[in-house]
Every structure is written in structure tokens, then in C-alpha cells.
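My questions will all concern the structure given below.
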Amino acid sequence: MTLKLNCDLGESFGSWKMGLDEAVMPHIDQANIACGFHAGDPLVLQKTLAMAKENGVTIGAHPGYPDLVGFGRRSMKVSAAELKAMVQYQIAAIDGMAATQGLTLSYVKPHGAMYNDMMADASVRATIMAAIAEYHRPVVLMLQSTPNAETHLEEAKAAGIELLFEIFADRCYDDDGKLLARTKPGAVHTKDKMLAQVKQLKEQGTVTTVSGHTLTLRADTLCVHGDNMDGVNAIQEIRQLIQS
Amino acid sequence: MTLKLNCDLGESFGSWKMGLDEAVMPHIDQANIACGFHAGDPLVLQKTLAMAKENGVTIGAHPGYPDLVGFGRRSMKVSAAELKAMVQYQIAAIDGMAATQGLTLSYVKPHGAMYNDMMADASVRATIMAAIAEYHRPVVLMLQSTPNAETHLEEAKAAGIELLFEIFADRCYDDDGKLLARTKPGAVHTKDKMLAQVKQLKEQGTVTTVSGHTLTLRADTLCVHGDNMDGVNAIQEIRQLIQS
Amino acid sequence: MTLKLNCDLGESFGSWKMGLDEAVMPHIDQANIACGFHAGDPLVLQKTLAMAKENGVTIGAHPGYPDLVGFGRRSMKVSAAELKAMVQYQIAAIDGMAATQGLTLSYVKPHGAMYNDMMADASVRATIMAAIAEYHRPVVLMLQSTPNAETHLEEAKAAGIELLFEIFADRCYDDDGKLLARTKPGAVHTKDKMLAQVKQLKEQGTVTTVSGHTLTLRADTLCVHGDNMDGVNAIQEIRQLIQS
Amino acid sequence: MTLKLNCDLGESFGSWKMGLDEAVMPHIDQANIACGFHAGDPLVLQKTLAMAKENGVTIGAHPGYPDLVGFGRRSMKVSAAELKAMVQYQIAAIDGMAATQGLTLSYVKPHGAMYNDMMADASVRATIMAAIAEYHRPVVLMLQSTPNAETHLEEAKAAGIELLFEIFADRCYDDDGKLLARTKPGAVHTKDKMLAQVKQLKEQGTVTTVSGHTLTLRADTLCVHGDNMDGVNAIQEIRQLIQS
């Protein structure tokens, strides 16, 4: 199976623009589309879906905490009941909007702090898995590939859902298989290192950690960024490398 | 066909409670459920759907303008594109949440200022009809029964949707078939007058206007209110009268 | 100095009502008024200030996290810069609205999760103290009286602000001087126990903890609740007891 | 008196950036700063005030309707009581935040749809004037200069406030002294025409309308735009022209 490229899109809000969605869309496989709680609004959502359709890009819900001013990047201590309902609401909103354009929602990738909380806290993960499992149509959960992938697969199996594992193309991994904190030197790869990481992942299914160890990681998809033209150019180079 | 009873429900928001939903639900046929833009939140929506399921009540989307503090009661000059997208988003959200509980969304009744704008402005009405017509599943539009019902039916036919006409049980009609403005004396009926209006509607399909004229109005459903126990009691009396 | 009574007020939002503000206002000394981020809106704020003025009640800002649907009860991981700005914004809003009615804002008591975070986390407390200290007019910080009061006084002195210590009239204290968790039996006092706790506090400046120990606690003010008529009645009894 | 330059600033929101505030600030006299209802947030507000302070720019409140997703550009049918309270709340918020940085709020210029409603509707204008008049410190109202300026001055005098009249540097005026609708050809001036309009205004106190008539207009300040580098460059040229 070929590595896919996924990217966060549809993050504009009203008059505020964010991301080079039009430039990015032709070069990715999977669009993680904001659902209106941390970013996006009904019109932005509709336009982003249309753009995905035009480019044959697979559609994912990108639900977040209800925190526009914080862009969903601030952890919120929501209850399990609240979390489940807010995830299902956001999935439902994009699912129906997508179907209205003849598209099928394929997966869910939580955004920002909700994603981090999901990776760090088994109870948050269980709630998100339950939210997806209960949803009336099958959708897949995309989450970070770590050395705990087997545990996550077991959890998913018990919940009755499937998983997609993503690797961050431009981030250095520590020896535990976590992302090296952004505050540490070398946390974000130069372009050369990023391309080398992608190449190694493609050919050997491994990444080299900050201390030089080799770590085997499941990889269904690579997370890439389209915030600026450098990002867009990097996406194109990664794409070429993967397809070569 | 028997007259149905419809009522606005699911209008609580977070810690703020509104309406006697539990008391009302057993006595109505159709629940107009807030979708989160003017009232309601994902958890309230989920609970209201569960309550409707338990009581076998038909489910309608009750979309509103994005104005929580104004409760969707203040007209907003939104563009046609914005209006269509916000209506479809809200329909999608409740539709998917309903399906997750094994329920089928049946109709759409716009809320508050959006409802008034729809009745007063043909272009708003056209946009709302288009939003519903485009939606990937058939849903019916509920709107106010007026002497313009034939026009509305033609508009709906052209758009490719069906209509449900509602009458306000407790409001006095003026000679044009509009609701008498609330500022005018006699605008809101006493309970006796309300029951008399319902009886006449049931038996003769007419209402008596403020000046004593008889007006024939289509009536699929009666709008009732469950804000307080007086309202709930009135609903029960109307119900008995209709079913007798 | 006589014990004061403080109560959270102005927590309605648009069409949603909360609290028996009119019934409570005549019986309290200090109104903790919501500022629009977790509850309250400009009109509610204006009306609550007018009510406080009419009853000669001292005014406090009751700032919260920007989380209406969560009513400010969910901890949010905001940055120190964000926290300081949001506290100052909320203080400024109520301060100017109060001055417009000829009133003077006197103190600040953070709400809900922000209050809990302030009590539990020294860095949050430092940020809130700095926000108040920087504000262009002197306002006092109201916080929970605990065995750490001396530390808090030192922190406040270093920041250049003054403190008011509050005791919860209806809550049982554990041996550490914290509130017994609501999940534990006896966490919330019966009315008799509440009145006994107030009496003891007034006469001896102590509370009896869950295990029967006697704990000395600073007490400038008692936190009371006006959510329902039982609460309002209890406030009146506490008031009589304090003034007797 | 020299013509001033005023510009809308502080319109970023959370992670979404808008406007070249840093590039614009050195070249203007008056900053119309968003207050958080249609744009801006507490941190953006704080930073914008700091930038104004650094550049010695006079500070104005730029209150808007509570409509983030619509950027305050959609008219909302709010009641007079709601409008007054929301204007005072926003003035208070920026006033206190400004004072905390040692700055003095000087004027109020409503934003977007609220501005348009104020110019078009005498009752909206009366409410905004009353909101400002009631505010506990004197602040001036900035509004559009039209042939009705004398009427507006009388209204202001009756309300007890002062006015600043602004002219749009880059917009063509129709013969009624209104801005030519953006949908019409020539509605927005080329740079040459804009500079010619400013020159004429400075030297003769008049503008040439779309049909070639000469219209005398009061002009205290010119509204300029800093959305992009072309705008910033134009501001600098206007500035030179005014000061020459």
C-alpha cells in the first residue's frame, strides 16, 4: 500500500483566511476538514468539500474543542458525555454536507488539543472511539503512529472501528516514538531531513530517532502542512518521492 | 388526516435550561429541535433526540441564525450563500445525530427571525427551499399557513420539495391571514378562544379573524408551546379536542 | 469586622434565565457579577449592576474562561498571556459599565474552573494577581480561605494587591482545609449544619472538619447561593445569624 | 486643523491574522480598534493598544455587532436596549484595557453594519449617541461626513457629545454625498484619483462627485485601509500629501 498524504484544510473562518487550500488540494490524498468548532464555518466547509471533490481527495472530519479563539489548541476538561456528543455532532455536520455534494466521509482525525488528549489519555481515546463506533455509518479513526499502535489496534477492535496510522513527515521522533517537543533543537526537520525521513519510511518502514536509534512505525499516511508556499512545495516533493 | 401538534424543543444550552421538554414530549407529534446555532448544544440535541425516540415523536430540524445571545430572534442580513450553507449544516448535524439513534429526520422548520424572514421575503424562502432540495435526503419544509399557501406550494413544486402548513393555535389572525401583531389587543388567545379556534379548524378548516371574517387555511399541524405548565396543560387539552 | 455575604449573580444569558437575582440581591453584601465570557451579556450585566445599585450591594467582577456552553466550569489550558488579557478585559468591561451607573468596581473573584485553577496552581494565581495589579485602578482579589492563606497574602503583597478570603457556608471542609469533594457523603451541609458552621465561624473563627478537627480559617466573606428559593431562604437565615 | 488619518486595526482573532497593523501604525493618527464582538480578542486588543502607544496614535473604540463569522458586516435587528448595552460594554472593555497601559480612549467609531445602520437610521444613531453620552467619561463619536452633517451636529449637541467627521479617501461620492455603491463602476478610486480627492479636500474642503458636481463636506479625518501593502503604500502617500 502506498503512503497517503493528509493535510488539515478548511480552517478559514468567515473573513479570516488560513492555509493555501487551493494550492494544497491537488497534491494530497486526504483532507482533514475543520467542522466549525475550532475553525471552519458552514460556507467554508461547503467550499472545501467542493474543492476536495474537484481534486478527488478523500474526506475526513477534523473535529475540535469548541474554542474558536484558541483554535482548538487548548485542552479543555470536557466530560465524556460532552466529548462524545461534540464529536458526533461535528461528524454528522460534515457527513451530511459531504453527502449533499455526492461525497462520502471516510475518516475522523481529531484536531489540536483533542488529538493530543486522545493520544495521551486512554479514557479520551475510548470516548472518541465510542463516538465513532456509535455513528450510524462506518468511519475510520486516524491517529498518531507510536510504539503503542498494537494497543490502539486492540482498543479499536474492541470498539468495533478501524484505524489509520499517521506519521509526521517533518518532525523528529524521540526514542519513545513520541514527537520531540517543539522546544527542543531539531524538533522540526529541515527539508532534506524531512525527505530523508519519508524515504526511509517508504523503503524500510522505520524512522531514525533523535538519538540515532531505528524505530519501526506503522504508517498509512503522512501528515503534511499547507500553511505557506514552502509547505506546499515540500508537499510536492514528498509526493514525488512517494510515487517514485 | 388528523391535525398534528408541533412544538419547539431542545432549546436548553449548556447549564441554561429552557422549556419543559420532558413534560411536553408525550403529548406532541412533531418536535422542532434546535440545532446549536441559536439554541441547543450537541449534548442537549442528543438528549432531546433520545426523548423524542422514547415517545415516538417525529423529528424536525429547527435551524436558526447564528445568534445565541439573541436566541435567533433578531433578523440578520446574511447572504443567500451563507443562508443555504448554515441551513444545510444544521440539517446535517441533527440528521446524523438522529440516524445515530436510529431515527429519521423528517422535516425542517426554520426558527424565529429566520422563519419570519422566510415568510416575508420570497428570496429567503427560495434559498431555504433550495437548501432543503439540495440536501441528500428528502426532508419536508414546515411553514406558516397563509392565504399565499398556493404560491408557496408552487414554489415548493418548482424546487422539488414538499410542504407542511402550520397554524398557530393560540394566536389571533388578522384579515390578511397574518398573525395579529403581539402589540395589539387580543393577539394571543385566552385558553377558551384558543380551544375554539382549534375546534373550528378541525371541523371546518377555517379560522375567524380579528374582525370576524372567516378565513380558510390549510392546516397540517398546530404550533403549540411548552415553556411553562400552563402551556403543557393547554397542549393536553388541544390534543384531546383533536383526537375526540 | 462583620462577615459579608457574597453571591454569584448576573448569570443569565440572552433569553436564558439563571438564578433568583432579584430575590437574592436585598440579602447580600457583595455581588460577583458575570462578565460575558462564561455567562452574562451586556444587557444582563447592565441590569444586574442597576439592581446592585438599588440595593447598595458592593460589586465584584466574576471573570471566567471563554466557554459559554460549559459555563466556565471546564478547565482550559490557556497561556499566561491569554489569561492575563482575558481577566483584564472582563474587569475593564464591568468596571466601565459600573462607572457609567455611578458605581465603583471593588473586587475580582474568578469563576468556576478559573477559580479552581487559581487555588490549585500557583502560576495561574500569579497571573491573575498580576492582571489585577496591573489594572489601572485598585481592585481586591477574593479567593478561598485555606490553611495556605499566609502564603497567599505574601504572594499578594509581592504583587501589590489586597485579598478577601471567603468561606463556603454550606460545604464541609476536609482536614487539609479543602472542600470535601462533592462526591463524598456529607460534602454539602444540611441547613442546620450550615447554620452551625456559620455560627462557629462568627464566634470562634473556626470550622469543624469532616473528621472532627477544629481548623482556624480567615474569613472576610461567606459564599452563598441563590439558585432557588431554598437558597434564598438560607441566605436570609445566615444573614440574621451574622447580624444578631 | 490638519486632516487626520484613521484606520481599522486590531482585527485579528486568535490564530487568524488580518491587516498589516505593524506596517500601518507608524503612518496614521487614529486607530479604530476592534473590541472583540466582530473581531479582536483580549490579547489582540492588548497588543494593538501597545502598538498604538509606541507610535503615539490616538485610540478609538471600534464596536460591532456580535457576529464573528460575519465580521460585523451583517445588519442585525437588535433592540435599542441591546444596542446601547453592547456599545457601552465594548467601549468599557477597550477603555479599561487602554487605561491599564496608560492610554486614554478618545473616540468611538462603530464598525461595518453597525456603522451603516447608524448612518441610515436616525433611531440607531440616537441610541449610539445616548450610549456614548451616558458613558462615564467623555468620548467623541466618529461618523461619516455627508450633506446631513448639520443635522448630525444638532443631534449630537442634544445628546451632549461631540463629533468627528470622516471622509473616505478612496471612494467616489454620488451627488447625494453618499458613497457610490461598490457595485457601480468607479466606486473605488484608482490611486491617482484618490490622491486627487485628498488634495482637493485639503485645499478646498470639497469632493467632486461621480457626475462632476462639487460637494462641500466637513472633514476631520480620512479613513484609510491597511489590508495589504498597496494600502500601506497609499497611506504613506496620502500622509505626505496632507503634511506637505
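By written order: A, B, C and D. Residues from 1 in each chain.
Following the convention adopted for this analysis, a residue touches a chain if its C-beta (ideal position, glycine included) is under 8 Å from a C-beta of that chain, and two chains touch if they have at least 3 such contacts.
Quick caveat, the model's predicted, so the values are computed rather than measured.
Enquirer: Could you tell me which chains make contact with subunit A and subunit D both?
Expert: Of all the chains present, those in contact with both subunit A and subunit D are B, C.
Enquirer: Please decide if copies subunit A and subunit B contact each other with the same set of residue positions, more than half shared, or with different positions, and reply same or different.
Expert: Answer same: the two copies use largely identical residue numbers here.
Enquirer: Rounded to a whole Å, what is the gap between the Cα centroids of subunit C and subunit D?
Expert: 39
Enquirer: Give me the residue numbers in subunit D that touch at least two other chains, ranges are fine.
Expert: 41, 69-70, 82
Enquirer: Applying the document's contact rule, which stretches of subunit B touch subunit C when the two form their complex?
Expert: Checking each residue of subunit B against subunit C gives 12-18, 41, 68-71, 73.
Enquirer: Write out the stretch or stretches of subunit B touching subunit D in their complex.
Expert: Counting only subunit B, the residues touching subunit D are 66-67, 69-70, 74-78, 82, 113.
Enquirer: Where on subunit A is subunit B touching in the complex?
Expert: It is residues 36, 41-43, 45-46, 81-82, 85-86, 88-89, 91-97, 99-100, 102, 134-137 of subunit A that touch subunit B.
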